[in-house]
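Multiple structures are listed underneath, in C-alpha cells.
Look at the two complexes coming up: chain A is in both, with chain B in one and chain C in the other.
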Partner chain A sequence: MSSLSFLEKTYLNWSVLSVDGQIDSKTVGEFKEALDQKLLTSKCLAIDLTLVRFMSSAGLRALLVLHHQTSSQGLSLVFVGINEDIQDVMRVTGFHQHFTLVSSLDELQPAVQ
Partner chain B sequence: MTQSSNRVDLNPTSTISGFEVRPGRPLPFGVTAVANGLNFSIFTSSGTSCTLVLFRLGEKIPYAEISIPESFRVGNVYSIIVFGLDIETLEYGYRIDGPNSFSSGHSFDHSKILMDPYARLISGRDFWASDPDWSDIYPYRSRVPLDDFDWGNDKQLEIPPEDLIIYELHIRGYTVSTTSESKYPGTYAGLVEKIPYLKALGINAVELMPIFEFDEYENSRDHPETGEKLYNFWGYSTLGFFAPKAAFASTGTIGMQVDEFKQLVKSFHSAGIEVILDVVFNHTAEGNEQGPVLSFKGLDNKVYYMLTPEGYYFNFSGTGNTLNCNNPIVRNLVLDCLRYWVAEYHIDGFRFDLAAILGRDPLGYPLSNPPLLESLAFDPILSKAKLIAEAWDAGGLYQVGTFPAFGRWGEWNGKYRDCVRRFLKGDEGMVGELAQRVQGSPDLYEASGRSPATSVNFITCHDGFTLNDLVSYNDKHNDANGEFNRDGGNDNYSWNCGVEGVSGNPDILQFRIRQMQNALSILMMSRGVPMLLMGDEFARTQGGNNNAYCLDSPISWVDWSLIQSNQELWSFTQALISLRNLHPALRVNSFSDSGSKLLGLASSSFHGSIPYQPDWSNSSKQLAWLFSCDIDIDQSCESDAVYVITNMSQFASWFDLPQLPESKTWSIAINTGDRASPFAKNSGSPFTNSGLLAGEHSVIILTT
Partner chain C sequence: MTNSLDFTVSDLISGYVTCYDSADRRIDLKTSDGRDYSLTLNDNSYAKLTQNLGESWQDRTGLLEERLKPGQMIFAYGTFFPEEEIKFEVNCITFPGDSTDSFLHRDKGWWVQQVDQIANRYLTWQFNWPNSDIDYRNYRTLVNITGMKDESDYLQETDTISRMVYGMASAYMLTGKDEYLEAAEKGTEYLREKMRFVDTDTGLIYWYHGLKVQNNNQEQKLLVSEFGDDYDCIPAYEQIYALAGPIQTYRLTGDPKILDDTERTIQLFDQHYKDPNNGGYYSHIHAVTLSPHEESLGRNKARKNWNSVGDHAPAYLINLWLATEDDRYKAMLEDTFDTIEKYFQDYDNSPFVQEKFYDSWEKDQSWGWQQNRAVVGHNLKIAWNLMRYYSIDPKQQYKKLAEKIADLMPKFGYDKQRFGWYDVVDRVVKAGQKFHRYAWHDRKAWWQQEQGILAYFILQGLFPENTDYAKYADESAAFYNSFFLDNSDGGVYFNVLANGMPYLLGTERFKGSHSMSAYHSTELCFLSTVYIDLMTNKRPLDLYFAPISGGFTDNILRVSPDILPKGSVKLTGCEIDGQTYSDYDSDLLLVNLPHSKSRLKVKVTLTPV
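Up next, the complex of A and B:
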C-alpha cells in the first residue's frame, strides 16, 4: 500500500508542507487531509512537491480544489518544486494557469498578509 | 456525514457481489456521478439480462461483476447506482445475454464484455501505435471522466458562417514531423502550439479530422512489398462517439485527454478561432459479419445497424456496416452525442462524414424529411453550431444541392471542387458553371431558399490530392498504400503542368506555383465559405498519393520545412486571406442582395475582355466577375467592390475594366502573372488605365 509522508516547517512567513511520494487516487485522500489540516492554521501556505515524482488527475484536481479554497478565504498559496513532467501535464490540461509556481523555497519572498 | 448522503434516495438499498447498490436512474444514459456513487444506465431492447463488469485500470481480469436485478430495469433500460467506486481507476463494461441467431439479426453473447456506447473516456489505445495486447478480453474500456474543467468565460464564438475561413487538419499529421519542432508532437497540445501560426495565416476556424476515439490498429496490416506497417491513420471509424482519442493527447497515458482537448478548444477560442469536428456517424468500428463485437453488436444489433432481410449488414458507408441513424434510439444517441460536445466541449460546429447516410431509412431508402437531420437542425442546444454535410455516401446517394437542409445545413460543395479544378487546368465548357460556383452556387441553393454560405467551397481536402499535387500529377500514385494503386479516386481533374511529379525545370516549378496561386485566388474570391487543407499554403505534397488514409509516415505528415522553401506562396496565401477579410463584397450571404447603390453596381456581374460581355462560349477559358455591396459603418454607408479576372487560356488577353464613379479608382491587389510581385505589399496602387493585360493562366484581383 503506497502512502505519502509529510514534513512541516516554516520558511520566512510561509507555512511549508513538504510531500514525498506519488499522489494518485490511492493517496489523494491523505493528501487532502493534510492540506485541510494546514488550512486551519496557516495564512500563507507553500506546498513543496519537489519529492513528488508522479501526480495523477486526482492529485491535480486536489491542487485545484486547494487553490479555490485558499482564494475564497483570501489565503496565499504557492507550489514549490513541481517537476517538469507534472508541469507539462498541468500546462496542456489548463491547470497551470491557476497556480503560482516556484522552483525552490529560495525563490520565495515574504508573503504579503 | 455530508448533507447529501442523508438523503434517503442516495443511500444503498442492497448489496450485490459485495457492493452497496440501489436502483439507478435510467436517464441520462452512460455513467453519471452521484453522491458517493456512480449511476450506470444502459439500453437494450432485446437483451434478457445485464451484468456490470468492473476492472481496475489496466488489469487483465475484472475484479467484480454485478448482475443487475430485473427489478432495476425500467422499460428497456438497466440502471444501477454503485457506491464506493474509485472513479480514477475504474474501467467498466457490460455483459448482455439474449438471443443469438444470424437470421433474426440478434448477436447477443454473454461471454463478450461490451463498451458503453455513452462512454466519455475510453482506455486501451492510450499511446499511438503501441502494439496492443491482442489477447485482451476487453480491449477498449469505458471509463468515467469528471466534468470539472474550468472554462472561465469561454463560449462558442458564433462567427457568422459567411465570415469563416476553415482550415482542415489532422491532429497527428499536423505536428508529428520533427520539422514541426513541437514540444508535444502529434497531439492536441502540439496543435495548441500552432495557434500563433494559424492566427498569422488569418484563418478563423479549424476543422479537425476525426478525434472521436478510434483504433489505429483497425485493419492494420503490413505493406506487401515494403513491410511498412499500415494503420487506420485518418480515423474515419468510430469506437466511441463521446470520447476524445486518447493517443492524440500528450496526457492520454494518464487518462487526461478530456482536459487536454478542452484546453485546446479554450485556447483556440481565446485566439478567435472556431473548432469544428469532423464526425463519423455513418458506421462504426465493428465492421461487418466478420468484424469484432465491441459494443453495439452485442447491445442491440438490430437497433443500431441497418440489416438486410437476411441479416447481413448494409454497407452504404463502404466500410462494412451502416449505423441505423433514423431509428429513434440511434437518432437520440447522435443527438445526445452532439449536444454533449457542444455543451461540455464548447464545439462550434460539425462536419458530417458521408452525411447522405443520415437521411436513409432503416432499409436504406432516402427519406424526403429525415427525422435525424430535422432534429439536429432544430435542436435548441445545437442552434448556434455549424452543421456541414458531406452530402454524399458510398452507396451512390449524391445530394450536393438537395441535401435535406431544414434551413440550417451547409454542404461541402464537391461540385465547386470539380468545377474549379477543371477550369484551372484549362478544360473547355466550364465558365458557365464557374459563374455559379463563385457566387456561392445559386443554381444549387437559391431555389430552396438557402444562402451562399451554405456552400463550403474547397479545391482540396484530406480526400484527394494536396494543392501542390493537384498541379504536379495527372494520376494518383498510391503504391505506398499497399493496394497496388487501386485505391483512391481517379477523377482528380488534375494537371501536372508538363511533367509528372518532381521536376527540376524552373519554368515548370514556377508555373505550378502560379497555378496554386490561381487556385487559392479563385477560392478566396468566391462567395460561400472557403476551406483550406493543412499545408496547402506552403505547397505540401504527398508525392501524388491521393488517399493517404493508412499512412503514418512523412507522406501524410506536414513537412514544416516547406514553409521556408515556399515562403512566396505562404505570404501570398496570407495576403489573399487578408484581402477576403477586408472586403465584405466577397462575403455577402444573400442571393438577392442589391449590390452597391453608391457605386451603381449589381451585387454580382460577369465580364469578359469587354465589361459586361462575358464569353460564355464552350471554348472560353476566361471569366471576370465583379462583386459589390454597400455596408453600414458607424451610421454611414460605404461601398465595396472587388473585380476578379481569371484567364486560364494559353494566351494573354486584354481586359477593359468596368467603370467606377469618378471618385473611385481600381487598385491591383493580386496579379499572379506578375512573377516578381504577385500581390500588393501595401493597400495596392491606384490603377488609372482603362484596362490591363491578363497573362496566360493568371488571376488578377482589383479592389476599390
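Up next, the complex of A and C:
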C-alpha cells in the first residue's frame, strides 16, 4: 500500500515540510491534510519534494490549491527540489510559471515576513 | 392599522389601446391580463419609437393621433395621482412598432443589427478594436457601464471569456464580419493556452476558474472558483460554460482541436460529475480529489441543480449536436431532458419547478440564497430547450411540460402590469398572501428576459395555433427592446426596475462581470433571428461559416442554425468564397465542402418551407 512520510524542520525562518513517496490519487488525501496542518502554523512555508519521484495531476491540483490559499492569506510559499519529470508535467498543465521553485534548501534566502 | 396608497407615485403601465380621445387627451388601455386603465396626456407628454442599438431617437409626439389606434401596444410611463379618482398622467409613451400589427423586433434584420452592435462594443471595450489588435491578454472580466476596465490587479475568468467568444461566433454566423471570427478564434485559442488543465493521469480536461493578474504583473492560475456560491470547489456550470464559446466557434470552423478538448471535458462530466447510481450531474466537486462527496464541500456536498443537470443543453450540447449529429451527444441530451422531466416537476406544491436536490433527488430547500425559491428564468429556459430537443425526439412528455410551464409562468412569474419577467420568487405563497414574494426585489434581469422571449418565440414557431405564445413573445420582446438597450454607451443593462428604468448600482452597473459577458444578449439575438425568420414570419435567412482545411469530418458542413422541425426549412443557396456552389443537400441542410488547402468562406441561404 502506497503512503507518504513527512519530516518537519526549520531552515532560516522557513517552516519546511519534506515529503517522501509518490503523490497520486491514492495518497493525495494525506498530502493535502499535511499541507492544511502546516498552513495553520506557518507564515513562510517551504515544501521540499526532493524525495518525491512521481506526482500525478491530483498532486498538482493540491499544489495549485495550496498556492491559492497561501496567496489569499499573504503567506510565503516555495517549492524545493521538484525533479525534471514533475516539472515537465507542470509545464504541460500550464502553471509552472506561477510557482517559486528552488533546487535545494541551500538556495533559500531568509523569507520576508 | 391598514396602509393606504394615498401618495403620488410614478410607474409604467403597458398594454393595448382600446380608445384614444384626442379632445380630452385621454387614452384607454387594457393590460396584458385584461384590466382597464384610463390615462391622461398633459402638455409635456411626449412619445417615441423603440430604438435599436445604433439608432438615433425617433420622436412620435406629433403622431399620436395616427398611432394611438385600438389594439396598439404602448408603454406609458407617468404618475398616479390618488385624488377623488385615481388618475394617471403620462410623461412618455414608447411605441414598439409603428402600427397595431407590426413590431420592430419582428422586422427583418432587427436582431442582426443588435448582435452586430453588441459584438462591436465588446471588441472596442475589451481590445480597443479597431485601433488595436484583438489580444486576449487585454481581456478583463470586469467592465463598467461605459466600457472602462482596470489596467492592473484584474481577473480573467474562463467562463466570461468563453461567453464572449460565443457572442463573437454567433455574430459572425449572422453577419459574416471577419472581426467577429477573429475574436472567436483568438478567444478559443487563449482559453486552450491559458485556462486548460490537461490531467496527465487520465487525459481528462478541466478548465481553470480563471487567471488573476496582480499589481506586479504576477499571474496566478485559479483552479477553484472565487465566486461566493462555489468557493473552493470546481462547480459544474463553470466547466459547462467553458465550452460554450469554443463549441459555437467549432460550428463555424470545424477545428478538431476544439472537438478534442470538448470530448475530454465531457469525459470529466461523465467520470466525476455524473451520478452513476441515481442519475443527473452533481453541482460541485472537490478541487483535489474531484469527488462530489467530500465533507469539505459543505453545503455543496453531493448536490444537483438546474445548472449542473440542465445547462449542458443550451450552453454547448445542442450546438455540438448541430455541428456533428453524433448520436452520443443526442443520447446525452435525451438523458438530460428525461432527468429534468422526471425530477424537476413539483406541481402539487408549486407552480415552479424544484431545481435543487440532494443525492437521491430529495428536495434541497435550505441551500444558501435559494431556500424554497424559484428562478423564473430557469423555468422558462427549461421550456424552450425542451422544445428545441423535441424537434428531433418528439416525446409527448416534453411538450406537456413545456406547455405547462408556458401556461403557468405568465400567471406567477410575469409582470402583467408592465410586461417582463421577474427574477427570484418564493415558490409558494404563505397564508394571507396573494402574490409570490420576490426574494430581494422586483427588478428584472436581462438574462431572464431572454428566457421568456425565447420560450414564447420557440413555442409559437412550433405551435402557432396557440395565440398566447405570440402574445407573450411580443410583449416580452417589446419590453426588453424598449428598456434594456443602452442607447448611450452600448450593450444592454444588467437589471431594470419593474417599471423599466435601468438599475445601475453595484455589480448591476457593469457590462462585464462574473455574471455578464456578451452571451445571453447575443444568444437572444441569434435565436430570435432564427425563429422569427424561419419559423414565425417565414422569410429566408443568410448564415456564414468559415471551415478550416482538414476541419469537419468527411468535409461535411452542417448549417442548420438550431434544431428545427424536420422539413420546415430548406437550404436554397450556397456561395463559397463569393462563387455560387451547388454541392449541398437541400433537405438535410448540409454542404459537401470542396477539398481545399485554405480556409473557405461559406454563405448559405435557408428558406422556410
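Simple rule for what comes next: the second predicted complex is superposed on the first by the 113 of 113 C-alpha atoms of A that agree within 3 Å, B and C clash if a C-alpha of one lies under 4 Å from a C-alpha of the other, contacts with A are read in each partner's own complex, and residues count from 1 in each chain.
The rule is simple: contacts are C-beta pairs under 8 Å (C-beta built on N, C-alpha and C of every residue); 3 or more make two chains touch, one makes a residue touch a chain.
All values derive from a computational prediction rather than experimental measurement.
> Which term applies to chain B and chain C once both are placed on chain A by superposition, clash or fit?
clash
> Just chain B (first), just chain C (second), both, or neither: which does A:41 touch?
So A:41 meets neither chain B nor chain C here.
> Determine, for the superposed model, which of the two partners chain B and chain C contacts more residues of chain A.
C
> With both complexes overlaid on chain A, does A:71 touch chain B (first), chain C (second), both or neither?
Touch status of A:71: second partner only.
> Of all the chain A residues, which ones make contact with chain B and with chain C?
In chain A, residues 24-25, 56-58, 61, 64, 89, 92-95, 98 are touched by chain B and also by chain C.
> Could you pull out which chain B residues touch chain A in their complex?
For this pair, the touching residues of chain B are 86-89, 146, 148-150, 183-184, 187-189, 192, 249-251, 254-256, 259-260, 262-263, 266.
> For chain A, which residues are in contact with chain B within the complex?
Chain A reaches chain B through residues 24-25, 56-58, 61, 64, 88-89, 91-95, 98.
> Where on chain A is chain C touching in the complex?
Against chain C, the touching part of chain A is residues 24-25, 28-29, 32, 56-58, 61-62, 64-65, 67-68, 71, 89, 92-95, 97-98.
> For the complex, which residues does chain C have touching chain A?
193-194, 196-202, 219-224, 232, 287-290
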